[in-house]
Amino acid sequence: MADPAALVDPAGLVDPAGLVDLVALALLLAGCFFIFAGTVGMVRLPDVFCRLHAMTKADNLGLLLLSLSMALLAGTPRTALLLLLVWLLALLASTVSAHLIARHARTRLPPASGTRESEPES
Amino acid sequence: MSAAILVFAAAAIFGIGAYGLLISRHVMRKLLALNLMLSAVFLLLIVVPAPIGGQPDPVPQALVLTGIVIAVSTTAFALALMVRLFGKQGHASIPSDLDPRVWRGRWRNSRDGPDPERNGAGAASGDKP
Amino acid sequence: MSAQLLVDMLLGTLLAGLAGAVAFGRHLFRSIVFYVAFGLAMAVVWARLGAPDLALADAAIGAGLTGALMLVAFRRLVEIDPERAEDEGTRPTGAAAWIAVAVAVLVAALVAIVGLTALSIEPAPLPAGVLVMNALDETGLGNPITAVLLVFRGFDTLIEMVVLLTALVAARVVTSDAPHRSFTLVAEFDLPLVRTLVAVVVPLAVLVALHLLWVGADDPGGAFQAGSVLAGAGVALMLSGTLVPTARSRAPMRLAAVAGVAALSVLLVVPMPDGRPPLAFLGRGSLLFAEAAMMVSIAVTLSLLFAGAPGLRRGLQ
Amino acid sequence: MTETILPWAIVFVMVNLVAGLSRAWKGPTDGDRMLTALLFGTTTVALLLLMAEWLGRPEIRIVALLLVLLATIVSLAFFGMPEHGENGDDG
Amino acid sequence: MSQPALLTGLVLVPLLAALAAVAAPAGARRPIAVAASIAWPWLLIPLGGGVVRGDELSLAFGGWAPPLGIGWRLDALGLVLMSVHAVVGIAALPSAWQRFAPGAPDAVAFWPLWLILTAGINLALLAADLFNLYVALELTTLAAVALIASEDSIAALTAAMRYLLLAVAGSLMYVLGVGLVYAETGSLAMGTAVASGTAAFGNTALALMLTGLMVKAAIFPLHVWLPGAYRNAPGPVAAVLSAVVGKVALVAMWRVWFEAAVDPPAALATLLGGIGAVAIGYGALMAYVEPRLQAVIAWSSVSQFGFLLLLLPLAGTMAFQGAGFHLLTHGLAKAAMFLAAANIVVVLGSDTVRHLPGLDKRMPIEAFTLALAGVTLIGLPPSGGFTGKWMLLNAAWDQQGWFWLILIALSGLVSAAYVFRILALTCFHPARRAVHALHARPPMATSLAALLLALAAVMIGLYPHPVLDLLGQGVPGGGAGASP
């Protein structure tokens, strides 16, 4: 783990590189936490709408935090831009997908007949 | 060590694919199984040769890239063929070679055969005029 | 246990588990979805192994396009007869099923033994891969895989493009007089959101494709990855109703489909009048020319295979 | 420091992935399965970004970009599929 | 023209014609395809001269020497099979011309595929690189499957699908074998990529490659796709499939055996020979009981392919000459039979054997073709079939392989059983009634093409020496086969 002593150089000044690293670490851990939260929601929540709610929000926040962390570690603006693009795309995809899934789930609320996929779990 | 782990994974995938190939009768399932087996082979092709400069040998990488494109071409055609077959015969399965009934049927067919004598031209639908 | 080992073990388990889900799943649709996931996991494994070219190819072709092709084929089955689309008849049971299990276990054991043996044997002193690395400077390319694909083993690539073209022509044999049906368009949902998505994704896909094509000589990427990304854009356009399959093939479409093979054939023939061997290396410019043509061919061919029709035209929207 | 954490972060994300996948197997509705597909896409992207840093191979980030692009398209394709649209008539 | 230009022309002429045919409007496809099918065989004349002189006809693409790049080589065996391909390809043209006229349902796709198949076959015979061979075989298979599917019946589609699935399974085993060979030797070129090293490992790789190729060559018990595929394919396609496509995979087996393997174990050779023996018997039995003429011819191929496997245990120059010669005559005879049978189907509306009595009255040329080709299949003395079998018999005698000797002799007998069943039904059946022709007979050219092929198969037995000499100098692995 991050040794606090290592962050402070002999002159008593905070080492910027070490600080960046520490921030990246914090972001990474936070990202992992949100992904974990999303998974817990996915596994534990009672119905599809709740799960949808939990998963899309938590996971995208997690991805953002992870991307920020990676951008800090890589340290070049170009990479940061690329990561931002990836995140924005993922956000767009999950927005649209979540919307479609919700619509789909709503149309199926009174269980449609003859849909084998929708049978309750055995 | 990690190479050995992936070899085991490839072996498992290959076996699972082989099972799926043998047991299924639906053509699409067979295709899925074949694609799994192919992925296992590709994995072996990359993992097994000694790496060069810490990275996988470029020659097998190129071979696998070629193989992936060939696989998607073959799959695409097979799917089109399957849709056609489904439209004609009403189901998308072909007899499994493991099924003893198929063997008995094949033997019987070869002996008696469907009688195509019915007023000549009728024959089987396979006979083009 | 080191994290590295744990990552590999988890990846291996994930792959095998997904393969199992594909093969053992009861519903065909579910198996296809798992197959797409399997393709994604393969992409991660390639990345882990340090083969980003393969990761790109497997993500685009293995997971993306094969998955899309399977989904649309399944969709066509359901259109023809929803009752029997998944119908398998009876699976072999009893002795035959046990034979299948036995064969599978045997085959897996054989593959494992052979693979492990292969890992343990003395590697060849001078494999072709090392020769490639040594000769890489002669070509001036930075990506050895592109060098193998287009320079050292360029003929394989030519034939591979022919195989792709053959699949297109062959699919024509089995669809020529089939009544033409198109898939449900997402456009039917008539969501502004979907249109926005397509409007963002398609230009971006074109940009990514051109990027992959451009950097392919030195970095991971190249015609195959670029072409399949473009084909993905084509699929998105079809799903949104901007491109519509037609029963008539048009000359520009056919020319685009043969462009890749034609360009590689040009590279093959051009050196010969000077007494140089066929497919002699003509410099980076020639590769870019061939790769651009290949990209177009791959995109058009895969899009047409997805459409299941001989041609495409602009939709009404 | 963060470098040493990275592989463990990868392991952690993968465990999450596998746990989330159980939803795809159990269902019980189609929506759940599509949701898992979405989760799979996002998590794989995260995994690839982490790996790019861990292995020191920036090229892998392009794989992540491509993957998220195609995931978008494939998820669109899901909705054109029979199980998912009652209005699944000929277009 | 220079030698590399000639060699690449063998693949490039049909390939570029295929491109032109795909790009051209539908009406222009047939003339393009026919022109190219007639044009490429002329390249064989100067090249054949080179092979006869004993020149080294090889090519390295891009000038990169084989372990790095891809090599090609035209040897005697390749030349012989390519000549069969040229002759059969041209002989099948009248039938294909008539069947796939513009406006026919599948004519649009047929001609490009026909050309692609041609290019694929030639490439597979030229490739001296294990992976290039794989790509070539995939191309050939895909085109062949599509051509079978162009006969748009349930039986044909099922047969095509079965062929495709099995072929893919076979090629994935082959690729795995190739990957193992590369892992061990670091090379893919035939000749240097030898499965040596640890014997067990090399043999596993060899076995994987051979199994994969056996599927494509329809060697018993992996033949299950063949009967359906051959008998349901359109006539001209069946002719090329049986005469060349299956044999290409068989030749690939021989090459892998003799060139990519060092010192393959004798037990494996005996095993493969044994498989060949079972195939001879089983194929002949099924041919004897089959109710349809095209199925009889197809099952006969299973039997004959098994026969060609006997080269592996016998090895040696003489066996190689015999097997190579058998390849030639069997290809010509089989193609003749399929073309004749296709005409019979057109005229009678069916090819069940119970329609055959009286055929010699109604369709004398076809009946004569079947008889002549049958003589070659059995291997009766003046025919080319006899020469091939005689050489193999001699080889077995020299090596005191008594089992193989008896087997070769018996193979003639079992072939006689199914051939004479057909001939007896055709010409000597007591219930000979005039068969009622249902349809107009196809143009005379189609009948004559089949007859000429059958005649060639017989006549070549009278002048076998040029071919035998040619084969004699081209023994793979320098003739140092695993002769005990």
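The letters A, B, C, D and E name the chains in turn, as written, and every chain counts its residues from 1.
FYI, contacts are C-beta pairs under 8 Å (C-beta built on N, C-alpha and C of every residue); 3 or more make two chains touch, one makes a residue touch a chain.
Since the structure is predicted, the reported quantities are computational estimates derived from the model, not experimental observations.
**Q** Hey, what chains does chain B share as contacts with chain C?
**A** Chains in contact with chain B as well as chain C: E.
**Q** Pretend chain C isn't there and tell me which chains still hang together through touching.
**A** Once chain C drops out of the picture, we get A, D | B, E.
**Q** By mean C-alpha coordinates, which chain is most distant from chain B?
**A** A
**Q** What's the chain with its C-alpha centre farthest out from chain D?
**A** It is E whose centre lies farthest from that of chain D.
**Q** Could you please state the distance in Å, as a whole number, between where the Cα atoms of chain A are centred and where those of chain E are centred?
**A** 59
**Q** Taking each chain's centre as its mean C-alpha position, how far apart are chain B and chain D in Å?
**A** Here chain B and chain D have centroids separated by 27 Å.
**Q** Using mean CA coordinates as chain centres, what's the chain C-chain E distance in Å?
**A** Roughly 32 Å separates the two chain centres.
**Q** How many angstrom lie between the centres of chain B and chain E, each centre taken as the mean Cα position?
**A** Here the centre of chain E sits 23 Å away from the centre of chain B.
**Q** Using the touch definition from the top, which residues of chain A touch two or more other chains?
**A** If we look for residues of chain A contacting two or more partner chains, we find 89, 92-93, 96, 100, 117.
**Q** On chain B, where are the residues touching two or more other chains?
**A** Expected reply: 31, 44, 48-50, 59-60, 63, 66, 70, 73-74, 77, 81-82, 84.
**Q** Could you say which residues in chain D touch two or more other chains, in rising order?
**A** Answer for chain D, listing residues that touch two or more other chains: 33, 41, 52, 62, 65, 69, 71-72, 76, 79, 83, 85.
**Q** Report the complete set of touching chain pairs.
**A** A-C, A-D, B-C, B-E, C-D, C-E
**Q** Report the residues of chain E in contact with chain C in the complex, numbered from low to high.
**A** Where chain E meets chain C, its residues are 2, 4-5, 8, 12, 15-16, 18-19, 22-23, 25, 59-64, 67-70, 105-106, 108-110, 112-113, 116, 119, 123, 131-132, 135-136, 138-139, 142-143, 145-147, 149-150, 152, 157, 176, 180, 182-188, 197-198, 200-201, 204-205.
**Q** Where on chain D does chain C make contact in their complex?
**A** For this pair, the touching residues of chain D are 7-8, 10-11, 14-15, 17-18, 21, 24-25, 33, 37, 40-41, 44, 47-48, 51-52, 55, 57, 59-60, 62-63, 65-67, 69-74, 76-83, 85, 87-91.
**Q** Please give the residue numbers of chain D that touch chain A in the complex, ascending.
**A** Residue positions touching the partner: 1-2, 5-6, 9, 12-13, 16, 19-20, 22-23, 26-36, 38-39, 41-43, 45-46, 49-50, 52-53, 58, 61-62, 64-65, 68-69, 71-72, 75-76, 79, 83-86.
**Q** Which bits of chain C are touching chain E when the two form their complex?
**A** Checking each residue of chain C against chain E gives 110-111, 114, 117-118, 121-132, 135, 151-156, 159-160, 162-163, 165-167, 169-170, 172-174, 176-177, 251, 254-255, 257-258, 261-262, 265, 268-269, 272, 275-281.
**Q** Hey, which residues of chain A end up touching chain D in the complex?
**A** 1-3, 6, 21-22, 24-25, 28-29, 31-32, 35-36, 38-39, 42-43, 48, 51-52, 55-56, 59-60, 62-63, 66-67, 69-70, 73-74, 79, 82-83, 85-86, 89-90, 92-94, 96-98, 100-102, 104-105, 107-108, 112, 115, 117-121
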